[in-house]
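Both complexes below contain subunit A, partnered by subunit B and then by subunit C.
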Partner chain A sequence: MFLEQGKISNLQLSVLITGFVLGSSVIIPPGQGAGHDAWIAVALGLMEGLLIAWIFTALARQFEYKTIIEINSLVYGKILGKCISVLFIWYLFHLGALVLDNYARFFKLEIYPNTPKTVLFLLLMLVCASTVGRGIEVLARCSVILVPLTILLIPVDTLLLIPHIDLNDLMPILDVPSEKLLWASQGAASFPFAETVAFLMVLAFIDKPEKGPSAVSRGLLIAGFFLIMAVARNAAVLGPMAVITNYPSYLMAQVIDIGDILTRFEVVVGITLITMGFIKISILFYGTVLGLAQVFNLSSYRPIILPVGILMVILALTNVGNTLELFEFAYKSYPIYAVPFQIGIPLVTLIVAKLRRLPQTGGDQV
Partner chain B sequence: MFRLLSKKLRRWQILSSKDQTQTKPDRSPVYLSKNLEGNLQILREVLGQSSDVIIREMKISSDSNVDAAVIYIDGMVDRNLLNRDILQPLMFNLQLIKDHIRQNHSSLIDFIKSSVLTVGQITGTEDIDRVISDVLKGHTAILVEGVNQTLLIDAKGWETRGIEQTTNEVSIRGPKDSFTETLRTNTTLLRRKIRDPRLTFQSLQIGERSKTDVAVVYIKGITPDSLIEEINQRLKRIDADAVLDSSYIEQFIEDNPISLFPTIGYTERPDVTAAKILEGRAAILVDGSPMALTMPFLFIEGFQNPEDYYAHPFFASLIRWVRLLGFILSIYLPGVFVSLKAFHPELFPTPLLVSVAGAREGLPFPVVLEALLMLMLFEVLREAGLRMPRSLGQAVSIVGALVIGQAAVSAGLVGAPMVIVIAATAIASFLVVPFADIGALLRLLMTIVAGFLGLFGMIIVQLEILSYLAGLRSLGVPYLSPVAPLNIRGLKDTFLRAPLWAMDSRPASLNSPDMRRQSPDQMPQVPKTESNQGGNQ
Partner chain C sequence: MIALLIMGFGIVALIQIPALVQKQWWRELIVFMVLWSAGFILSIMISTGITLPPITMIINKYIIGIFEL
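Up next is the complex of A and B:
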């Protein structure tokens, strides 16, 4: 079954992963629970994320880069395999709705208090859906332009904020109790690093499969580096405020002042960050529709883009009641909720596949 | 969004083509007979009673029974050539021809071809359709009594415009000649720039009625064969009544049937065409059009200019950035102004905000409407300035300048900052000519969206445009290459223009089979011995 003809290069894969990881994490930085040691939590999370990435790329490599849906059918048989695939697709779908909700809520709260949230949802979804309709190749090409431009914001912001940085805010290092730190780092691993498990739907289309794992980890490392930079900077600029505010990266941009001429350009920062969200939502949405098409043996995923897109918007609109609930979910429940999808499915599938000696090396499966 | 529209369009096209049951009449070729009078009869019938069709009958032998006729279209034939090299030899060699007939009658036509006529290009044919089409092309046909063959002589000659200076793509240092309406002149201009024997002009005729000559130009071994094949396939699919300009061809062979952005480039400069062919592209020349089409056309080419390659690399790179900036300004500036004013006033520096707010004091319209009004006014003025007879053009610009610049502000219709914004936009929009048309559309779109949703709406539209561009292809080559998909070596001629000695390979995105353009180690160097001595002293 060939639903997608496009191929993406390994460089594009790395860039996609970087954009994906930085997606909503630049708006809601991970590791908040660890206070001013958040950056350590993020670093630990990055390591766990790399481990998880190693598991799922090993799984993909074991099956010569098929999508997770095809792998599930091979490993568990048709019916059980499809059930597990549907669970995985649910995770992508739900996560897509969460990211969408994150972004729309952020804009509603901080920039457009008078604009109906539905409009923001629909517009974001529309542009993601139309890109997904053009295929993974187009999305990858967009990312090559968008991600470097947007990532530049982080070091530039940091440079402009140097007068406000107080490194004493980061002291003393490793001050928080270790269980709190570990919990925060599990939070940072599950959001955003291990979410790259969604790339089990994308890895099938890279053009140099033998270098796939290094491309994935390269993307994760770059994203991790900039994320640690952003989180540490937030703490150093805002001090204790960084933990209290919902959107520290945004709040921080308010402080920037270039010779009294360029001031208050947090709006620009906030809006530029859409581009990363665009990539994250598009990848998750792409995984959902491609997965559904593969589960139901459709010849193309394009006809289900519109209905699934609408469903995603509806889920995002009704998912959580208010912003506090969303944060509660993100920081308290999500690190556990995500485990079966991020580690469970790939790891168990890999073990079962090894035990059943799949795929058979008879060469009959092409 | 656009794909949906194009799908609808295609379906509609298929439906309408189903109704159209008539196909091209399939006639078997008609051949000439040995009877001169009969042949002439047929030709008269087909060519009709047009006054420009000349059929000149004559005797070519002192024997009374060998008649001949010369057929041509007045005005399309070089009269000097016709009189001196066709009519004169035919009519003055009575004795020679008579002698020949006595010896060997069967090959009279070959004899005329080889020994009588003193012109270059002669072909023989028996197909009467070919005779008609060639006569209409400007050839001269000779028919002889008793021979079922005709000679077609290329003695074309008509009034043409000479090679003039470029008018649209002006450069300071480069060559100044430009293409004309005559295909042959244009091919000559190219041949004189590239004397490679592998430079190929592959010609075909397009247009049911216009029968326009079209030439695909490429260099064998540099332009990929797949590209030539693709172009030929697309050209052969064209079944149009007439091709009056190269832009007709462009619209028929574009990748995306309703593309927003041009996916085929055009130029009036032979040097640009030659450079593009040498990069591994193909060009199409169309008779009757002074514009050559070049393909594939990539987004970045819109920002390249012939002057870039003749000027100093640093300056050329700077100008590239200026063009890029101009393009960005021309699309976003009004939108950004509107969204700052309407949604994010805190982004203005405080003194500027005060003056902008002061200027808007007492204005009747919301800022979006004001921007749209001024933009439309600018488009109207631009169009009027272009289409007006030249003598009236000045009046338009004076009125325009007065209306836009002064009266509207002092009458309290628009604020002075808006005038500045629109004026800057207008000037910036002329920097990147290939995208000037689409720029005007995007500008309006951005302004409207900015009025509703501010910067958020603008960035959403921007993402859609980017993803549209990333999906676009020009003859199979991704439109945004070499930036996306990224090709590091290809970047030598994008945001920076590397010195010519450093551009040692052809653009990789074009997949040329022969990537090597020049030897790689050509950096000019100071002679070592002398400079060292100078340094030591």
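Up next is the complex of A and C:
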């Protein structure tokens, strides 16, 4: 079933993954529960994320880079396979709505306080819908332009903040109880590293599948490196404030003041943040519509883009009451909620496929 | 607000439905209509002040309850 005609290169895949991981984690930094050791939690989370990526790329490789929807049908049969696929699509859809909500809240609180949230939702969703309608190739090309700008901004930000950095704020290292550190690292793994499981809907469209796993790892490592840098910098500049601030990266950019000439840097940061959000929402949106099209055996996913986008906006509008509730979900429940989707489905599917010796060659399979 | 919603959803339907009928993509038309209707009904409910259940908060409540977080 070829609902998508486009192909992306391995470099584009790496860049897409970097942008996806940086996505909303540049707004809400991971590893918050570990206080000034958050950067260690992120590093541990990166390692767990790499392990999860190894699992899902192994699954994709086993089935010659089909999408998870097609793999589920082959492994579990048509009915059970579709039920599991619907669960996976729900995760992509729900995560997309959460990221959309994160971004709209951030913009409402920090940049456009008088603009109704619905307008922000609709504008962001329209841009994403337009991109998704043009296929994965266009999204990949956009990411090649947008992601390097954000990657460049993190070290530039850090350099400009050197006068405000106090390394004592990072000391003593490993001061946090190990239980808290491990929980924070699980949080960092589930958000954002293991969320790359969404790429089980994208890996089918890479032009050199044999290099897919290394492209995924490369993207994760690059994103992880810059995320660790950003989290450590936040703690070193803001000190204990980094833990209680909603949006530390944005707050820190407000601190930048080079001789009264280079100020209000936060707007530049805001622009790069929205571009990362655009990439993450678009990937999740793309996975949702492509997944639905495959579940219902449609000829194209394009007719359902607008209604699914509207439903995503509705879910984003209604799923949480206030920002504190959203953060409570992100830091407390999400690391548990995400496990069945990020680890459970790919790992169990891989084990069942190995036990059933799937895919069978020469038969009707694959 | 409701008039705006009807107009917006009407435009979406006008763009999609004739193209799907012309191509005789009936399955796509059915899926589109189901999703479109769900979106339309939920939007009308929100605009008339009916509070929809906050799904994420329900999930949050259950996870916190089960795992005693």
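Methods note: the second predicted complex is superposed on the first by the 362 of 366 C-alpha atoms of A that agree within 3 Å, B and C clash if a C-alpha of one lies under 4 Å from a C-alpha of the other, contacts with A are read in each partner's own complex, and residues count from 1 in each chain.
The definition used in the following text is that a residue touches a chain if its C-beta (ideal position, glycine included) is under 8 Å from a C-beta of that chain, and two chains touch if they have at least 3 such contacts.
This is a predicted model, so every value here is computed, not measured.
In the three-chain model built by superposing on subunit A, subunit B fits alongside subunit C with no clash. Applying the stated contact rule after C-alpha superposition, one finds that A:Ile283 touches neither subunit B nor subunit C.
After the chain A superposition, the centres of subunit B and subunit C are separated by 80° when viewed from the C-alpha centre of subunit A, nearest 10. Once the two complexes are overlaid on the shared chain, A:Ala34 sits clear of subunit B and of subunit C alike. Contact with subunit B, but none with subunit C, is seen for A:Gly133 once the two complexes are overlaid on the shared chain.
Of the two partner chains placed by superposition, A:Ile52 touches none, neither subunit B nor subunit C. Of the two partner chains placed around the shared chain by superposition, neither subunit B nor subunit C is touched by A:Leu181. Using the contact criterion defined above for the overlaid structures, shared-chain residue A:Tyr112 touches subunit B, although it does not reach subunit C.
Once the two structures are overlaid, the count of subunit A residues touched is higher for B than for its counterpart among subunit B and subunit C. Legend: residue contacts after superposition of the two complexes on their common chain; A:Gln12 is shown touching subunit B, with no touch to subunit C. After superposing the two complexes on their shared chain, the closest approach between C-alpha atoms of subunit B and subunit C is 8 Å.
Within the complex formed with subunit C, the residues of subunit A that make contact are 94, 98, 292, 296-300, 303-304, 306-308, 310-311, 314-315, 317-321, 325-326, 328-329, 332-333, 336-337.
Listing the residues of subunit C that touch subunit A in their complex gives 12, 15-16, 19-20, 25, 27-29, 31-32, 35-36, 38-39, 42-43, 46, 51-57, 59-60, 63-64, 67, 69. For subunit A in complex with subunit B, the residues that touch the partner chain are 9, 11-12, 107, 111-112, 115, 119-120, 123-124, 126-127, 130-131, 133-135, 137-142, 144-146, 260-265, 267-268, 271-272, 274-275, 278.
Subunit B contributes residues 1, 3, 343-344, 346-347, 349-350, 453-457, 459-460, 463-464, 466-468, 470-471, 478, 480, 483-486 to its touches with subunit A in the complex.
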